Structures are given as structure tokens and as C-alpha cells.
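Each of the next two complexes has chain A plus one more chain, namely chain B in the first and chain C in the second.
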Partner chain A sequence: MMTNPVGRITQGQFSYLPDLTDEEISMQIQYGLNKGYAWSVEYTDDPHPRNTYWEMFGQPMFDLKDAAGVLMELQHCRKTFPQHYIRLMAFDSTRGIETIVMSFIVNRPDKEPGFGLVRQEAAGRTIRYTVHSYATDRPERERGSGGA
Partner chain B sequence: MLNSLEKPADTAIKDAKKRYTAGVLKYRQMGYWDADYAPKDTDTLCLFRITPQDGVDPIEAAAAVAGESSTATWTVVWTDRLTACDSYRAKAYKVEPVPNNPGQYFAWIAYDIILFEEGSIANMTASLIGNVFGFKPLKAARLEDVRVPVAYVKTFKGPPTGLIVERERLDKFGRPLLGATTKPKLGLSGRNYGRVVYEGLKGGLDFMKDDENINSQPFMHWRDRYLYVMDAVNKASAATGEVKGSYLNVTGATVEDMYQRAEFAKELGSVIIMIDLVVGWSTIQSMSNWSRKNDMILHLHRAGHGTYTRQKNHGISFRVIAKWLRLAGVDHMHTGTAVGKLEGDPMTVQGYYNVCRDSFTKQDLPRGLFFDQDWADLRKVMPVASGGIHAGQMHQLLDLFGDDVVLQFGGGTIGHPGGIQAGAVANRVALEVMVKARNEGRDIKNEGPEILRRAAKTCSPLQQALDTWGEISFNYASTDTSDYAVTPAASN
Partner chain C sequence: MAAPLYQIPGQAPSPTVGAAPASGSAAEAVRSGPAENSGARTVADVLAQSHADTVIDELERDLVGLAPVKTRIRDIAALLVIDKLRMNLGLQAQAPSLHMSFTGNPGTGKTTVAMRMAEILHRLGYVRKGHLVAVTRDDLVGQYIGHTAPKTKEVLKKAMGGVLFIDEAYYLYRPENERDYGQEAIEILLQVMENQRDDLVVILAGYKDRMDAFFRSNPGMSSRIAHHLDFPDYPAEDLLRIGDKMLQQQNYQFGPGARSAFEEYLARRIGQPHFANARSVRNALDRARLRQASRLFADKHKEFTPEDLSTIAEPDIRASRVFQGG
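This part shows the complex of A and B:
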């Protein structure tokens, strides 16, 4: 359990709100599709703030224009990795943007282990910091199917 | 156009012998006025608002501005003839009365590309604003807008990070970023200062910020501040699983001091440093180069700008400063809130945001943008809205500025009755619920207050924030609004 005010990892657009229902998720997906974004589903058991590359649950859905289809992919991922973090991401390929423009968490493990802060004292009162994922204390293969 | 005012004797004298006879000529006779001039794609174009002294002809005044901001001196010099002098002369090519402002005129002036050093804002500004603002024949002058040609834009490196890469580094997408300035801005010790940073970040803000005048005073030396702040940043990052930052102001007495401070910020793992506009253009460009070399986000506080941007008849519009800052290369700049405690007409302020974020800025007269500006793929600046804003205005802020902005709630976080973390929660919840509602197709401009009230039912910190500040607004008339003709003038 994490000690911040919402008791969980706060990455993404909507972590401070109650979990979005599937109907609410569909509305966000539709908003992205209307803007021409491509959706993708990613999952991990190590949401370290600098863990950029979560596993891709299939390719980004460049040609999928139907919110129900995107939601189906998400449900498939949830079924496969019920105790992983799963996020939906929308990509905008417009010149000069060419990056992710929406990202929010849509699945979490029942218990979020969170992170520890490791301080290494260095010269002149300097401290070197390491944010440590408790989730990675066990070997990858023992952490549930797929690792990551 | 005022061509009807023009007398034949007052146009440029073509006969070289007559033109260079020793003595004093009118500026328009010296070749600084050319009503037929067709600006080149490589010219820098300026729009000045001038108020000529009584009895001074507006075209002569415009020609004088062109002259004094390029090659002219008050009298004829024969040494002009050693140069291809016509190409060095800026040319006033259009003058129009400013609508509803008697005695004021818009003057369009074109500058050849040879006049400016590559990649130097100091040089561009020394020409464009170097001498003319104290010129006696004018009561007042203001540089309203500038069009920098693509050929010149490409000599600038621009923002070291840019808002796209900043978001990728921070892993934050699809919503405005949230920040707060640590308060009180003066007097806290390093240890106490870090406490405020920790509480704000753990509560839900993305950034905390040094204020413009936090450098290295007796109550808190810079090293002490950096050490405590970075402990707070890292601790909050571990507590939330998010990348967090605090703008470490590296402004100091000398550029050497600033490099030293920036190096220490880097050594401690800060993702961002900060400078004040008062350090000057060359220092800004140096710190931009440093930031580019060291993967640092560079935040700029526009300290001091109000001394020359606020009055409509004299000085420089902030849209010009914003353009120069984007070229000079900063990643964040303060651009106003429109709804907060500091000066800003909403449309005029939106114009500044467009200058920061556009790939191509279109002429937009109600927003004070007089020229098309092609940014030639230069990276984009993240605008910062800071000063007297609170959670109860979230719908207005999101509606005015969209996602690519840092919303900074200093007092609105730290002054929260439930404490700093509660203040941060209130702001974050208000932000997320408003983004969600907008994406769902709700009309947030009108339904915003209701959306906030509903969210507050399950979030007591937000309820407290609305109870405390819900009714606060700063409704004063703006001094700086765009004066434009209802029939748009051509952009050049």
C-alpha cells in the first residue's frame, strides 16, 4: 500500500479519480479516435517512474476506428494479466507532435507494492538517489505470466 | 494608407550627388520610406506602434524609426557610398492610424537578412530596439509584433528540450502539468523550504518552483536549497511512482556562478533548472546551450517584463518577447493566466500561447498576431500560467489554454486550509475531472462549476478549496488589448 493521498501509483491522466468504468473508458477512447489517434494497450508489473517500455499487448491499433474494438483488446489483456498494471495510450502522428497524447491506467494489481528510496551518501552532503521497485525483488519468471 | 499625405519632394532622392550632399535630409528622403516596397521572404518584418510628436508627419516618423533601427544617423554621411547602402536601410513601407487611438500609428518596417548576426537575439534586439525608443521626434513607440523569416529562424537552435520531449521524459500526457511556487518566497531555510516541496509533490503536483528572486540569500544559500529540495523530489517520486521536479533557480551574479549552480543541480539529478529573464539574452542563450548539452529542461521566469510590456503605447509587446525567447531557446516560459492576479486580456494572452506552441502561427488580429510566422519545425515551448489562480477556475483555464500548459497554483496549494498535500489533491482532482469531462464531450466552459461541485462531494480537499476560493476573481480592465481594424490589414 502506498502512502500518498490516493494510496496508489498516480501515473496517467486519471489516477486521482475513482476507477473509470468500461463505459467511461469507451468515451475516452472515442475522444481519441475522433482526433485521429491510434490506441495501444501496454502492461507491466514494474511501474517504476523511469520504466518507459511497458510490454505491448499487440501492436498499436493504427487502423482500428471502433471504440468497442479497442475496449475488447483491453479486456483481453485484463483477462491475461489481471494482476498487472495496464495502461491505454493514444498516439498522434501529426508532424511536430509524433508522440503519446493520452495515457491512463485501466488495471492495477490488488496490492500495489510501491517503491523504496535508496540513499547513497556521497561527498559534500550530496546524496545519490535510487527509486527501487519492490515488485522487482522477485525474479521475473516468478512474478506472474509474461514478466515485464 | 497615408500615401495621400506624401509630397513628391519628400520621397527618396534618387540622384546620388544630391542625396549625399552634406547636410540634413528628412529620413524619407534618405530612402527609409518606400510605399512600393514588396517585402522579401527573407526580410524580418516589424510592426511598430508610434506616437509622433505634435506636428511630426507620421510617415516621416515611421521612416525615422526605420532609419534609427538600421543604418541612419541624423545627418548625411558620404561613407554610405562605400557600401551597398540601400540594402542595409530598413524600409518603412506602410503606415496606418491605430483604430480608436488618435495620434497613434502602426508602421510596418522591413529589414534585410544581412542586418543580423546568425543565431543572436542580442544582435537582433540591439538593432530593432536599440536606439529608437528614446528618439525625440516620437512621444512613444512600441514594438507590437515581429515576423522572423524562416531563413533566420533556422540559425537558432530553439528550446533545448521542447514540450514534446519534456512530456516524454516526464511520462505525462494528455493533461496540463501542475505546479506551485514555494511560498513564502523569501525567508524559508533550506530545510523548511524542502518541506513545502515534498508536501506539494507528494500531494499530486508535478512540479514545485523557486520564485524569481530566490537565488542565494543569507537565509538560504543555493547549495543548501538544492540538497533539501532534491531529497523532497526523490522522496515524492518514490511515494507516487511519478517523475517529479522542482525548478532550481540558477540565476546568480555572474554567468560563471550560474554554470556552477546548474552543474550542481545536474549532479543531484534534477530534471529542470530555472533562470530569470533579467539575466539578459546572451546569458539565456548560453544557459540554453548548457541545458541542451546536459538533457535539462530550462524554465524561464519572465521577471521584469511588466516594466516594458504592459503599456500599450510604449515598450515591447510580450508576444515579441515570447518569439525571441522561443528562438533563444527556453523550454518553459510564463505567459499569463488571463483569469489570475496579473495583467492579461484573454485573447491577447492566447496569442502568446500560440507563439509558444504553434508549428505555424497564422495572422490573428484579435489575438494581436499581426504576421504569419513559420517556425520551421523549431521545438515548442511549454507555456506556464502562474499567479493568483485556483482550483475553482479549472474549467476556464482548460478551456482557454488546452493541455499543453503548466498551471501553477502557489497560494492555491500552500494556502489550503487542510494543508499543502490537501491543496495539491484539490488541484489534481479538479484538473483530472475537468479533462475527463471535456474528453467526454461536456461543455466545460458552462458546466465547469457544476462538474467541480460534483467532484467535491467525494473529495473533501476540493470542497474546502472551493469553499475558500470559489468566489475569488480578479476582474480588472486590461491595459494591453489588441487594437486592430475590423477589416484585417494584409499581413505584410
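This part shows the complex of A and C:
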């Protein structure tokens, strides 16, 4: 059964929209910067919903004034990992918030491997379910080419 | 180019969204300057919309001397205004190269002028934010392999949308050490100076002769810098006027005879080593304030008038070692 006909993972903001253009991404970044957020770029090849902490691409960017700086880092990341998932995250350091307040995907592989439902038979005909990321079927170094 | 169809709260309207369809002029959408500058047809329009002339007038008023520098800044501002008008008529779409080099001895006002320059460029819409990030070699160059690129990039990212001011830029290039990491920083800088001219303006500053040597050994850097401004040393009378202004800003004044004593002080000090123009004036006045304070401090039971507290007397200046050394 196909539950996600477009085959795109939906995580973070704007994930039901068509991919944002660089100009639209800049506007989002500038919105965050105007609010004093620190942006960071992260990437992964395994977008499992429980994979909370993706790899950091460089350090979070504090004290920036203009979106061009974040976009420069993003382009660098896209060049390095063209077939990975890349997301931008905004950290609000205000006392009492101190957490990520914005997060959206800005790069996807050409073919998104997606997820499968795995059933495990346990004692007494119990079934345990788990979500399995197809991306992890292949060894890490072969995942970059974006699905079979 | 796909323009976003929505408006984000808290975001100034992007010129490609609002301005272009409203006025029907295609030229306005070519470059993404601030929206308020579009549609201007005369120099007065641009100046009225950008308020750049107020910054230039301030520069003229606040900074003593520096006549050649002021003329060059006026020229550059005029060029930018005319470019803006040309752009509005669809004559030119390419952003001018605005990277500059400020050469001159210490204390001749390079940093101060750079700050004003950032403001002027911001008013005219050539940089988006108009802040100044001042750095030296230590902020750009790392200490081990692989340390330099992230460091330089971090500084560049912070300076995006504003002006990057590199003080004593010639230290970036050390010909005596071929494995020096400064070269790496220069290469990254060059790349960004070339590719992201819309996002960033770089100003290099330093002593004249050493900057000339730096440019000779880095022709790539030299050819990417359009404006070379030379800051002359101040003559003694300008320094005295600078001293007057500094005291005025701090609510001090010269007592009887103190101003001429200071003039004499300057005449002697200029000839001595390590003279740093306006910075030396500031330091001399700071030391005079110290002596004034200890002079007043000695008078434990006197009730001081505002004049007492704000007057630098002649002995405060005469006590300097410049007069003793002969």
C-alpha cells in the first residue's frame, strides 16, 4: 500500500510545500536573523523520524546580520553533500526558550528511499511494529547516490 | 526567477514582489536594492530617498582636515547615485566594484571613515545592513592546517550585508614563510570579493608603503580593488582642532594659556618617534585629564565649580614628558 504517493518525507516546516527557492530560503533566514536566532546547517543520509540529531555542517552561526552568510554555508554543504538531506535550524538563545524554533529541509536526494513498516512476531502471536529506513539497507559510503 | 507569492510577517517587502508589478518598469526588478530607491529620476530624488547626503555632510563637518579623502568619498558617492539613476532607466545591471583600500599612517581616521563609508553605502542601497566588521590577521588566519578556512569564512559570514574592514591587511601575506596560512585566507577573500560583490564590501587598511608592497605581491587583490584612498598626515593646526573637538565632546575646555601650551606640545610631539596623529592627541589629552584630576584631588576641602572640574589648565599640559625631555 502506498501511503505517501509523492514519496517525499515531511519533517519540519514547509515540508508539504514545493521546495523553497534560494530566494525564499533567504527570506526565511532573514526573518530568523531579525529575531536574533542563530542558524545552523545539518545533514544526514538517514532521515528516520527518530534520528533527531543530524550531522552538523560547521558550527552554529551566531552574530550574523545578513542571510547571505547562512546561504553561503548552505551552498557549501549542498556542494559537499548533493544527495543528502540538508536542513536549516534556527536556535533561539533567549532565556527560558533556549531551543530550536525553526527547522526546515532545504535539500533532498533525487530519489528518496523512504521507510517501510517492519513486523516482528513476538511471544503469543503478538506483533511488534517498527519503522525501517530503506536508506540504511546499504552501507554508509554507498548511500550518497540517492536510492537504488 | 520564481518570486514568492506570500509575505512573511516581520519581513520588509522584497523589491521583486512589490515594486515591479506596481510600477510596471522591468528595470527596477533587475537588481535587488532597497525598494525605496527605485523609480528615482533625478539626483535629488535619490538623495532625498536615501539621505546619503546627510551622512556626507556629517562627515564633512565632524572630521577635521582630510580634504583629499573627502573629495574621493564625494566622487564615489556621486558615482553611486548616478549608477542608481542609470539602473532605474535600465542602462546598467552590473553592480560596481566597491572594494577599497585605505592607506595612511596610524591615527589618520581610516577606521572612522570606514564606518561612515558603510553608512553611506547602506543609505544608497549598495550594502543591505551597513554594519562594519573590523578584523586583523588574527581573526582570519588560523594556527594549524585546516584552521584558516573556517575562521575566514566565519568572519566573512558575519560581515555579509555590510563592510569588512581588514586592518593592517599586509600582515596577511608573509613572503618570508611560504607555508604561511595567510595565503589561504587571501584566496578565500578573493573568491568572495569576486563572486559576492552584492553581499559584501571589503576595505583593506594599512601603512602606505607596506600596502603597496602587499598589492605588488598580490596582483589579484590589487585588480579587484577599485578605489585607493590615501590618508595624509594631519598638519599641526588640524591636530589642534581635533583636540578642541575631543575636549568639547567630553565636556572639557582649555584654561588660559593651555591651548597655546598644547599647540607647543603638538609641535614638539610631531617630531618624536611613534607619533600617531589623532590617536596621540587623544592620549595626550587623556594624560592631561589625569593630571588635572590629581591636581584637584590634592585640594581636599575645596568646593569645585563646574568650571574647575572641566578646565584643563596650562600646568596640566606643561607637565608632559615632551616638555621635560627637551
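Assume the second predicted complex is superposed on the first by the 131 of 148 C-alpha atoms of A that agree within 3 Å, B and C clash if a C-alpha of one lies under 4 Å from a C-alpha of the other, contacts with A are read in each partner's own complex, and residues count from 1 in each chain.
Going forward, a residue touches a chain if its C-beta (ideal position, glycine included) is under 8 Å from a C-beta of that chain, and two chains touch if they have at least 3 such contacts.
Everything numeric here is computed off the predicted structure, so don't read it as measured data.
J.: With both complexes overlaid on chain A, does A:Lys65 touch chain B (first), chain C (second), both or neither?
T.: second
J.: Looking at A:Ala90 after the superposition, I want to know if it touches chain B, chain C, both of them or none. Which is it: first, second, both, neither?
T.: First partner only.
J.: Contacts for A:Tyr31 in the overlay, against chain B (first) and chain C (second): which applies, first, second, both or neither?
T.: Both chain B and chain C are touched by A:Tyr31.
J.: One more residue to check, A:Gln11. First (chain B), second (chain C), both or neither?
T.: Only chain B; A:Gln11 stays clear of chain C.
J.: After lining up the shared chain so the two structures overlap, which partner does A:Glu73 touch, if you call chain B first and chain C second: first, second, both or neither?
T.: In the superposed model, A:Glu73 contacts chain C only, not chain B.
J.: Across the two complexes, find the residues of chain A that touch chain B and also touch chain C.
T.: 24, 27-28, 31
J.: Touching residues of chain A toward chain C in the complex: what are they?
T.: For chain A paired with chain C, touching residues are 21, 23-24, 27-28, 30-31, 34-35, 58-59, 61, 63-70, 72-73.
J.: Provide the residue numbers of chain C that touch chain A in the complex, in ascending order.
T.: 1-4, 8-11, 14, 16, 128-129, 131, 150, 153-154, 156-162, 192, 196, 199-200
J.: Quick one: in the complex, what on chain A touches chain B?
T.: 2-6, 9-11, 13-18, 20, 24, 27-28, 31, 47-50, 52, 89-90, 95-104, 114-117, 125-129, 131-132
J.: Taking the complex as given, what residues does chain B use to touch chain A?
T.: Result: residues 164, 167-168, 171, 173-175, 202-204, 223, 227, 230-231, 234-235, 237-243, 267-269, 359, 377, 380, 403, 421-422, 424-425, 428-429, 432-433, 435-436, 439-441, 455, 458, 461 of chain B touch chain A.
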